[in-house]
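Paired with chain B in one complex and with chain C in the other, chain A is shared by the two complexes that follow.
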Partner chain A sequence: MTQIVFFILSLGTIIGALGTILCKNAYYSAMWMISTFVSMAGLFVMLNAPFVAMLQIIVYAGAIAILILFVMMLMDRRVLNNKERFNPQYFWGIILGVGLFSDLAVLAFKFRINITNAGKSLTLHGSNTKMVGDVLFKHYLFPFEIIAIILLIALIGAIVLTKKDEEEAR
Partner chain B sequence: MLIEYMIVSALLFAIGATGAMIRRNFIVILMSLELMLNGAGMLLITMSYYLGNVSGQIMFIFVAAVAASETAIGLAIVVMMYKRKGSIDINDFSMLKK
Partner chain C sequence: MMVVIWGVVKFIVLLVLLSVYVLFMTWFDRKVIARMQNRVGPKLIGFHGLWQPLADTIKSFWKEDSIPRGSYRFLFWLAPIIFTTCAFAISFVVPFAPPIKIAGGVLHFSVVNINVAVLFVFAFLGLASFGVLFAGIASGGSKYPYIGSQREGAQMISYEIILALTLLNPILMSQSLNFETIVAAQTHHLWYAFYQPVAFVCYLIAMFAVSAKVPFDLPEAESEICCGYFVEYSGMKMGLFPFAQYIVLLVMSAIMVLMFLGGWTGPFWSGGFIAGFIWYWVKVAFFVFLFTWAWGTLPRYRYDQLMDIGWKILLPISVLNIFWTGFALSAHLPFF
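And then the complex of A and B:
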């Protein structure tokens, strides 16, 4: 049963990823990307991480995909879609991608770890969210603050990049 | 099951890298970067499960925050280049070459 669910979800993930990079229309690419993210949230639930799965749906399928779709809606449809799909040197890109995957697959098959405590100590009082909050605010408080500052800097950078130039406005 | 999860995340990473190398549309390249980050994050969650340590999920939260800020900056660059050049083909973005 677990195998079947894993097979269906991973198939959805991989087909969504392939559709993202192969579709000619950028809107369809965004839709395939959302399907990839939702299937990956299912895989996260199978790995005993329901909090991260909900975070995946809210942040990736909710925020990032909608941000990309909004920017695409602001643009001219012909500018967005009438260009050529691939680079002229796409053959070498595909070769490099296949080589990267073979490298990672060989590493995965040679990888051995001790998995005796698989699935243990991921919950506190029966809740994964409590455990994540406990560890996040006890051991990882300083990186949490740094991440908050990184988000603030990204916000300011986006505003500065898209505002109108002084010379152009004059 | 560990090997299957690792293969799926490696496939996601490789597909994302291939998409970033072969496509010309800047927005699709940003989506490929998201796929790469998600492949790495899925490996973090897998290791968190099989090692019995919740720190991998915390790392995924940090990766998601960095991915969100990276997308915001990338889309700001896209909008800026669209206003300047009227195109989002990356082969038109070669003003630093001259």
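And then the complex of A and C:
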């Protein structure tokens, strides 16, 4: 039962990812991307990590995908639909993708991954939302705060770079 | 296996009950607003027009279904489906009655009783707004749906932040993300609305914005952009949008009652299933009525005013409120 659910979800993830890069229409690409995020959230739920799953949907599908769609809506849709699907450097992307895939395939073959364990959570048991908070705010508090400050700097930098002064704009 | 069967049974019951609720909610809205405007409202079909929504539904099923020529057909079909599905999904984690202890354990009155229920609500609220966004995009460059769905996207992003920040206060105080645990935590103290009046008011404002109702119904402002994101829709596909909106409205009211007003506890005559049930639904019905009341009385805000309220007033206030809650909890102030 868990295996079937696992394969459905992973199939959804892969089809969504393929749809994202192969669709001619940018809006359909966005739709496929959201379906990828939601399927990945399903995989997280199967790994007994409901907190991560919910954050996956809230942050990626809820916030980032909406922002991407929003930017696409502000563009002219004739420009958007006449764009080339791949840029001239797609060759390097293919090499990298094939290399990564064969790497993972070799690893899976060498370690003899047991396919009957597909979809089973072997390390985590039960709800661990509280544990995430404990680990994040007790053991790793300092790195956590550093990351927060770095993100804040990036945010302010983006505002400074894009905002023009009143006089410059005239 | 029993869990799955129970889940399916609860799911079907909830589906039927919510559909019936939406049907009669349209009647209720029309009747209340008619009274506020010194009219009679629907009265011809059935007792005080009670069967009017049924007649409307039958009518909209047989309406001609027109799809604009330049539209993205698949997205055009998908948009109302996404919106309705996600609205129903939100209602799955909300308990609609106090839990009962039975022989085998505890009977919960939500379809699934999960530990991350509050996060689940946020996740599917975000996904539901894709229905509106896709509706605007798929309408084939028609400008009013386009503007309407852009407004919905911006409104959803800004007000979901405020919703999350205000709900963080009850979560911090009860140290749980499960609605039933949060209600149980409020039985030991006063209701959280008394500890967190600021968060309560901020949530009340954000609730109207998230469910896109008057005074913040900018995505579908009739007088400006003539119905916003579902202008191009017709028949039952058009009907699905208000349908999902009524469900979101009910769920938002229910969350308000669960998080801030003690759920099924009352100041007197509490304890027992029937008392809890009545207390809970009286409170929820009040907030559902509040939406209709606002619809009948308040004017619509301008779009820049909406954004100013969200980012310049509510966001700083709710962030400061979280600091205060954290300080009060860690310093063990009296009453906390």
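The rule we apply is simple: the second predicted complex is superposed on the first by the 140 of 170 C-alpha atoms of A that agree within 3 Å, B and C clash if a C-alpha of one lies under 4 Å from a C-alpha of the other, contacts with A are read in each partner's own complex, and residues count from 1 in each chain.
What we mean here is this: a contact is a pair of C-beta atoms (placed from the backbone, for glycine too) under 8 Å apart; a residue touches a chain by one contact, two chains touch by 3 or more.
Here the structure is a predicted model, which is why all the values come from computation and not from measurement.
Student: Have a look at where A:Met31 lands relative to chain B and chain C in the superposition and call it first, second, both or neither.
Tutor: In the superposed model, A:Met31 contacts chain C only, not chain B.
Student: Should A:Glu84 be classified as contacting the first partner (chain B), the second (chain C), both, or neither?
Tutor: The answer is first: A:Glu84 touches chain B but not chain C.
Student: Please indicate which partner A:Phe137 is in contact with in the superposed arrangement: first for chain B, second for chain C, both, or neither.
Tutor: The answer is neither, since A:Phe137 touches no partner chain.
Student: What's your read, chain B or chain C touching more residues of chain A?
Tutor: If we count touched residues of chain A for both partners, the winner is B.
Student: After lining up the shared chain so the two structures overlap, which partner does A:Ile14 touch, if you call chain B first and chain C second: first, second, both or neither?
Tutor: First partner only.
Student: Could you tell me if A:Thr129 is touching chain B, chain C, both of them or neither one (first, second, both, neither)?
Tutor: Only chain C is touched by A:Thr129; chain B is not.
Student: By the touch definition at the top of the document, which applies to A:Ala154: first (chain B), second (chain C), both, or neither?
Tutor: It touches chain B, and chain C stays clear.
Student: State which residues of chain A lie in both footprints, the one left by chain B and the one left by chain C.
Tutor: Touching chain B and chain C on chain A: residues 51, 55, 63, 67, 74.
Student: Which chain B residues qualify as touching chain A in the complex?
Tutor: Residues 1-8, 10-19, 21-25, 27-28, 30-32, 34-35, 38, 42, 45-46, 48-55, 57-58, 60-62, 64-73, 75-80, 82, 86-89, 91 of chain B touch chain A in their complex.
Student: Quick one: in the complex, what on chain A touches chain C?
Tutor: Interface residues on the chain A side: 25, 27-28, 31, 34, 38, 41, 50-51, 54-55, 57-58, 61-63, 65-67, 69-70, 73-74, 77, 127, 129.
Student: Which bits of chain C are touching chain A when the two form their complex?
Tutor: Interface residues on chain C, with respect to chain A: 72, 74-75, 78, 114-116, 119-120, 122-127, 129-130, 133-134, 136-138, 141, 146, 149-150, 153-154, 156-157, 160, 177.
Student: With touch defined as at the start, can you tell me which chain A residues reach chain B in the complex?
Tutor: Those residues of chain A that touch chain B are 2, 6, 10, 13-14, 17-18, 20-21, 26, 29-30, 33, 36-37, 40, 43-44, 47-49, 51-52, 55-56, 59-60, 63-64, 67-68, 71-72, 74-75, 79-80, 83-87, 90, 92-94, 96-98, 100-101, 104-105, 108-109, 111, 113, 115, 117-122, 128, 131-132, 135-136, 139-140, 143, 147, 150-151, 153-155, 157-158, 161-162.
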